[in-house]
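Note that the chains are named A, B, C, D, E, F, G and H in the order they appear, and that numbering of residues resets to 1 at the start of each chain.
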Amino acid sequence: MTRSDVTLDVTRGQRIGLGEAVLSDSKTVEQLVTVLRQADEAGLTMLFTRLRPEQFSALPAPWRQRLQYEEDSRTAFFGDPPPPERPAEIAVVTAGTSDSRIAREALRTLAFYGHAALEVHDVGVAGLWRLQRRLADIEAHRVVIAVAGMDGALPTVLAGLVPGLVIAVPADTGYGIAQRGVTALHSLLASCAPGLVVVNIGNGYGAACAALRVLSYDRPSAS
Amino acid sequence: MTRSDVTLDVTRGQRIGLGEAVLSDSKTVEQLVTVLRQADEAGLTMLFTRLRPEQFSALPAPWRQRLQYEEDSRTAFFGDPPPPERPAEIAVVTAGTSDSRIAREALRTLAFYGHAALEVHDVGVAGLWRLQRRLADIEAHRVVIAVAGMDGALPTVLAGLVPGLVIAVPADTGYGIAQRGVTALHSLLASCAPGLVVVNIGNGYGAACAALRVLSYDRPSAS
Amino acid sequence: MTRSDVTLDVTRGQRIGLGEAVLSDSKTVEQLVTVLRQADEAGLTMLFTRLRPEQFSALPAPWRQRLQYEEDSRTAFFGDPPPPERPAEIAVVTAGTSDSRIAREALRTLAFYGHAALEVHDVGVAGLWRLQRRLADIEAHRVVIAVAGMDGALPTVLAGLVPGLVIAVPADTGYGIAQRGVTALHSLLASCAPGLVVVNIGNGYGAACAALRVLSYDRPSAS
Amino acid sequence: MTRSDVTLDVTRGQRIGLGEAVLSDSKTVEQLVTVLRQADEAGLTMLFTRLRPEQFSALPAPWRQRLQYEEDSRTAFFGDPPPPERPAEIAVVTAGTSDSRIAREALRTLAFYGHAALEVHDVGVAGLWRLQRRLADIEAHRVVIAVAGMDGALPTVLAGLVPGLVIAVPADTGYGIAQRGVTALHSLLASCAPGLVVVNIGNGYGAACAALRVLSYDRPSAS
Amino acid sequence: MTRSDVTLDVTRGQRIGLGEAVLSDSKTVEQLVTVLRQADEAGLTMLFTRLRPEQFSALPAPWRQRLQYEEDSRTAFFGDPPPPERPAEIAVVTAGTSDSRIAREALRTLAFYGHAALEVHDVGVAGLWRLQRRLADIEAHRVVIAVAGMDGALPTVLAGLVPGLVIAVPADTGYGIAQRGVTALHSLLASCAPGLVVVNIGNGYGAACAALRVLSYDRPSAS
Amino acid sequence: MTRSDVTLDVTRGQRIGLGEAVLSDSKTVEQLVTVLRQADEAGLTMLFTRLRPEQFSALPAPWRQRLQYEEDSRTAFFGDPPPPERPAEIAVVTAGTSDSRIAREALRTLAFYGHAALEVHDVGVAGLWRLQRRLADIEAHRVVIAVAGMDGALPTVLAGLVPGLVIAVPADTGYGIAQRGVTALHSLLASCAPGLVVVNIGNGYGAACAALRVLSYDRPSAS
Amino acid sequence: MTRSDVTLDVTRGQRIGLGEAVLSDSKTVEQLVTVLRQADEAGLTMLFTRLRPEQFSALPAPWRQRLQYEEDSRTAFFGDPPPPERPAEIAVVTAGTSDSRIAREALRTLAFYGHAALEVHDVGVAGLWRLQRRLADIEAHRVVIAVAGMDGALPTVLAGLVPGLVIAVPADTGYGIAQRGVTALHSLLASCAPGLVVVNIGNGYGAACAALRVLSYDRPSAS
Amino acid sequence: MTRSDVTLDVTRGQRIGLGEAVLSDSKTVEQLVTVLRQADEAGLTMLFTRLRPEQFSALPAPWRQRLQYEEDSRTAFFGDPPPPERPAEIAVVTAGTSDSRIAREALRTLAFYGHAALEVHDVGVAGLWRLQRRLADIEAHRVVIAVAGMDGALPTVLAGLVPGLVIAVPADTGYGIAQRGVTALHSLLASCAPGLVVVNIGNGYGAACAALRVLSYDRPSAS
């Protein structure tokens, strides 16, 4: 396949404040290299998501060495992110330990754009005291990204307790009728808590982007 | 249609401690009368569920007058229930006001078998303090029937807080992806709380029967 | 049914900045009156959503007269909202004329909390020029609520063009495999645009609440 | 990933009489070790479910040797369970031989809490005599856990024959439209037998926990 | 709409031994009359299924009077059926009283082709003794049509007990996750009983046609 | 609601050769009138689809009288269509009589753009001779629109027999697992015939538009 | 796991004329050996279905050597089947070459019970002449088993052409919305052909059993 | 398995202008060889789709060497295609780089029949300028094949901009609720753009065949 099957959205950063990210897992190594080369030529930094370890390993060494890869989150940075701004305005909360890989994708996306975040893990509603103990910390943040699988109940409970924007990320944890996250997704959308918003199953990247839209919005001057 | 399309399960009470109940809404008036006549001949009391007001009104007066009908729950008693045993061993809890008609079906079923129950209404997880205020009352009961629609989060939270058996009844409240209760049902089945059990959407009758199995079990002597 | 099946979440406003709203369509008139009476006693204003005209008409006159009802959006205000703040920081955009009743629910919720909004209607992607003509207006707003049924493509296109937070509301417009909004909902969740967030089908109220969380967040001082 | 993504629910046992169990299969080895270390430090025993053989093998030897692992059920005990109480008050019944691995998860959970159980296997309704031959044994137990895949008919038949609480566990046996247990699950929820309760597909652990709630309930004295 | 939108399959009876039947409920009165006129001209008898009472009433009197209509089954005969052959080789069995209207459609279809049938009603598996009492009668028939809604368990149990062909007809009885018969349908297809065959939800007509194919097959002589 | 919720796509005709059509059934009378007024002011003709008789009747007389309404197809013309071109290059084929109202929507759309069509009705595959008798007629047309519900088999058979483009329109005829056309839709998409294309359930309008794109394409000269 | 998790239905053959068959793929080798030993002790022959090659290979040699295994159909015979009766009364027809492994399961089941069958392969409806060329052969058989994936159209066309009982077996051939056979299954159930009966996806065994019920029925003498 | 399970549709090319293609991935090597041998004997060229690399490698060398295999598209040609006609009348457009393997299947099918095509890649709607830059090129083509996964929005936008026939191919790109292409498929069918037609998920072959039906139609002279 030739280079022509990649067309980078080089002006996305100017338009919306977020550059294009590369959803990697269904791309061939050749396609990933083409992306890297085009980004390099255009002088763009680039975030790669869902980059499987075997894809990363298969990249030619010169390109691979220019990527900062984290296996847990399956993300890579091409180009250096800015140092994290503090204090954190975003909290990332998980219902269970198994959800932390999705939280990592959100955290890495935030880091790529220079944002720190509070992490609060494994505070699912089956043991409410865990959440309550951390509540004051969480509610001091303008945006809360809440990751939950199975029944998806944590973000609903959170959205009833904190005033900031709660962005729910359904996780594919659980089995049987958890349906790889579909049950959590639907439950979150049907939530009885007002103003809870939802992204796709496992979409830590998208939740982080939404948080960035909230925090980084700068009214266009001359659009 | 002739009488022959009804075959009452006259020995059910002896077998399992619960007599046959009549799921009424897809039966014709003729079929309902046949059921009543057979029950009367067999000397059985009988519980009718999902008996629509227009069905009740269409019954011949002599039969209608022998029924104790409650429109909210769409239940009717044929024959007098025993007086309620006290103190209550069952709590019936609802997440929202709209769920109370399903709770009523459970309460009426319990009443038909002579059981009282604690009622706690409208304590959904979007405002947790409502549940926490009533928690000590609830946990003093051996069985908790918890009715919730939309996200179905309440029974999960409850089952993390109380030691008794929690029986979740998904409700068809909500709209859109709440899917007439399917989302709540699936969420409840995927619950992260240990030992939560679930019945069909809107099945207050079934939840009550399960509670009765727990409370009334008497090891068969000579089966 | 007695008053006890309503438990208002009277402290919600203090906790999260948004008071309880009443999802009305599956409530009985008696339940609605109980809610009104409790709100009145507690000195709360109250927003009613999905209040059907026949429900509104069936309310006792003294209560009905204290409600400001709008039939298009099926919303009612109990108590006077504050005057709208200007300039608007929120834009409400619809893909088609049939989506405007959902947009109205969002607009009324915003109005209940004293927020104005820009309205842009019927700019679906089958005729892109309509959207492009209004783009500069839209992107000057911090939050964009975008309502779309059928294929749900508009919010995706918008989120690729504007930097603010785009909250997508799937609509139940369309027929056949549009599945009363489920197809639009799933399409929006699978969007290729970064940071698009989604609420339940037809949930204009929820989208407005999310916008209010963004705009009104005030870090708790002593939580 | 650091230790901070695990927060054990250390007070669950006190609250509800059942300690936290660890759903293992989507956890990394590092996370499992963190759980073990926290449990060890807190002096807790711990049940691991869905622990795959390769996960067990990958644990560091010192931890692995302190686990009592059973491959059939994919469960492990950390800490010694109490000796089983007798006589058994719980029966575990399977419809087919393929369902026995799910039954094992229930039996191991019961054993972890010191409960014996009667086992009755492969008595599905396609050959009713098998069930009828064992019926007297089964009905002498207060709680019956019934595992069935494919059509899920066995628990319904059982619940029409025995007076105790019947907890149905749908199994993912079967193929095609059996849909990995979803058909059995839905069929069980739609059961015509009164008071049948249901847990998630393959959730032998949950069924056992529900049984334990029934048998071990002890009214809180000072909650 | 003109006559040209009807093309009767006038040779179906010769080909397969079963004439065309008219699925009526989505046809206009004009279309029904066109069908009747064409059948009359071709000298064909004709079976109408799912003919709603209001459709029947709306037919012009001359046509209406030539139909033998039965409201329970929503069937009509155009032309006289042959007298029923005896003894019956087909049994029609229902799980519940609510299923009898579907059984009627099967019985009427059999009658239209001159076949008698044994009727056994309301023998669902929640009370097995009802079925067992009638088993000897049922198994003396070559084909058994078994109608069941909710969990759809009866035909499975039957197919494990009788040697003839068992044709399962799922019924739309039940509520919630019974999903208007889809759960029963899927459960029947996933049945553990060997050789159970299934038709569409509520398709008593189709079950009867299958039975007629079994009983009436006559090897074509010169095809 | 004010006029501002309608934005006609006035340049659609120039862009793609097909003007905007108005999907009417979820619009209010006020919205329909706004559309008419804007079209009138812009000098556009306009096609209305899914215009229910009660909507048509509720239109103010001056507007209603300027519409050519056909109840069978629920379509209306605003403005006069050109006279039909002959000979027809499109055939419209239905599997059953009940499908003809969808065929009518296609035929009316073609007529609105000045195209005649061959009609062949009720030639479903249960009686193949009906189709074979008309095959030579059908295959003389460049585009075949084939409407089928239930199993959706007709368009597949047709696409194996004729060389032109076959556009399948699934119909919502049938019951039970026909799922209001979803089964036919999915079956058509999974067709074993090469090059069969599909539109939404009941979308006769869309099928006609696709046919018009094939027949009317005129390479843009200066785009 | 001990021997006790197998309970052979040793009287099935006497009851219904078909012995128990062993659905093998989710059974352990130990369970398969237990089944073989019990069958051997009871003097039963036994049919194994869905026996994967790796399962067969893992059986202890003494048992393996007593099985007649066919890899294509994943079936094994324990004990010798009777010689095939002739002439064949059953035809097995496939729509595509990929469906032949399912047809093989049916053919092997028939062979196990001593029945021959006519095989007609790859005669799907995209090229109707293939079916028509073999039609006279097929219709000379009392029962037709028709296997089809993708759109599932072949059995419908067949059932409109032949008078015998047509048993449709949906196949999991196809991709995308073919949904591993679910689309074919639903299409077959919604068929417009009268009296078509259906079994589970890929259930060649079940189709053969149904055919055997038709052919082998022998009215019980003393039941 | 013997040769008899393959029946080539040798007259398909004469009937509809498109020869049979072989959907390879569920066929055995033996079946593929049988197809090749029959094609060779009949003097037919043949297109193979979904031929996995391991299937291709497993073919006997004499046959393998006569195939022109392309791994990206998993297609093979048996026999030489005609040289491509120019100028191209078809454009193939993809929304993302990951969709190009599906586009390749379409392009190879076109090439097999001697048609060139314009390729435009990675112009999804999240960055509209990419599409707009290529619009004039695209609209100069009579047929546009548009491949899109995730939300499936690109073909809708295209169909609102170009006058030719737009054939949408949903892709299985994306994750979670993208549901392996089902969401894109349903979104495309519910499209608000007039005359968009759709094929199965990933069916580049089918889209190409539809395009060929449009371009190559030649009215049968003597059918």
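Just so it is clear, contacts are C-beta pairs under 8 Å (C-beta built on N, C-alpha and C of every residue); 3 or more make two chains touch, one makes a residue touch a chain.
Just so it is clear, the model here is predicted, and its values are computed rather than measured.
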If a chain touches chain A and chain E alike, it appears here: B, D
Self-contact between copies chain F and chain H, residue sets same or different by half: same
Superposition of chain B upon chain C: rotation angle, C-alpha, nearest 5 degrees: 90
Chain D and chain G, separation of their C-alpha mean positions in angstrom: 35
Centroid spacing, where centroids are CA-atom means, of chain B and chain D in whole angstrom: 26
Between chain B and chain H, centroid-to-centroid distance (C-alpha), Å: 56
Multi-partner residues of chain B (at least 2 other chains): 12, 15, 96, 126-127, 159-161, 174, 176-178, 185, 189-191, 194, 200
Touching pairs - complete list by chain label: A-B, A-C, A-D, A-H, B-C, B-D, B-E, C-F, C-H, D-E, D-G, E-F, E-G, F-G, F-H, G-H
Residue numbers on chain E that touch chain B, as the complex places them: 72, 94, 96-98, 100, 103-104, 119, 121-123, 126-127, 129-130, 173-178
Chain G-facing residues of chain E, complex: 12, 15-18, 21, 135-136, 139-140, 142, 159-167, 185, 189-191, 194-200, 205-206, 208-214, 216-220, 223
Interface residues, chain C side, partner chain B - complex: 1, 4-9, 11-12, 15, 20, 23, 25-27, 31, 34-35, 50, 170, 172, 180-182, 185, 200-203
Interface residues, chain B side, partner chain A - complex: 95-96, 124-128, 150-153, 156-157, 159-161, 174, 176-179, 183-184, 186-194
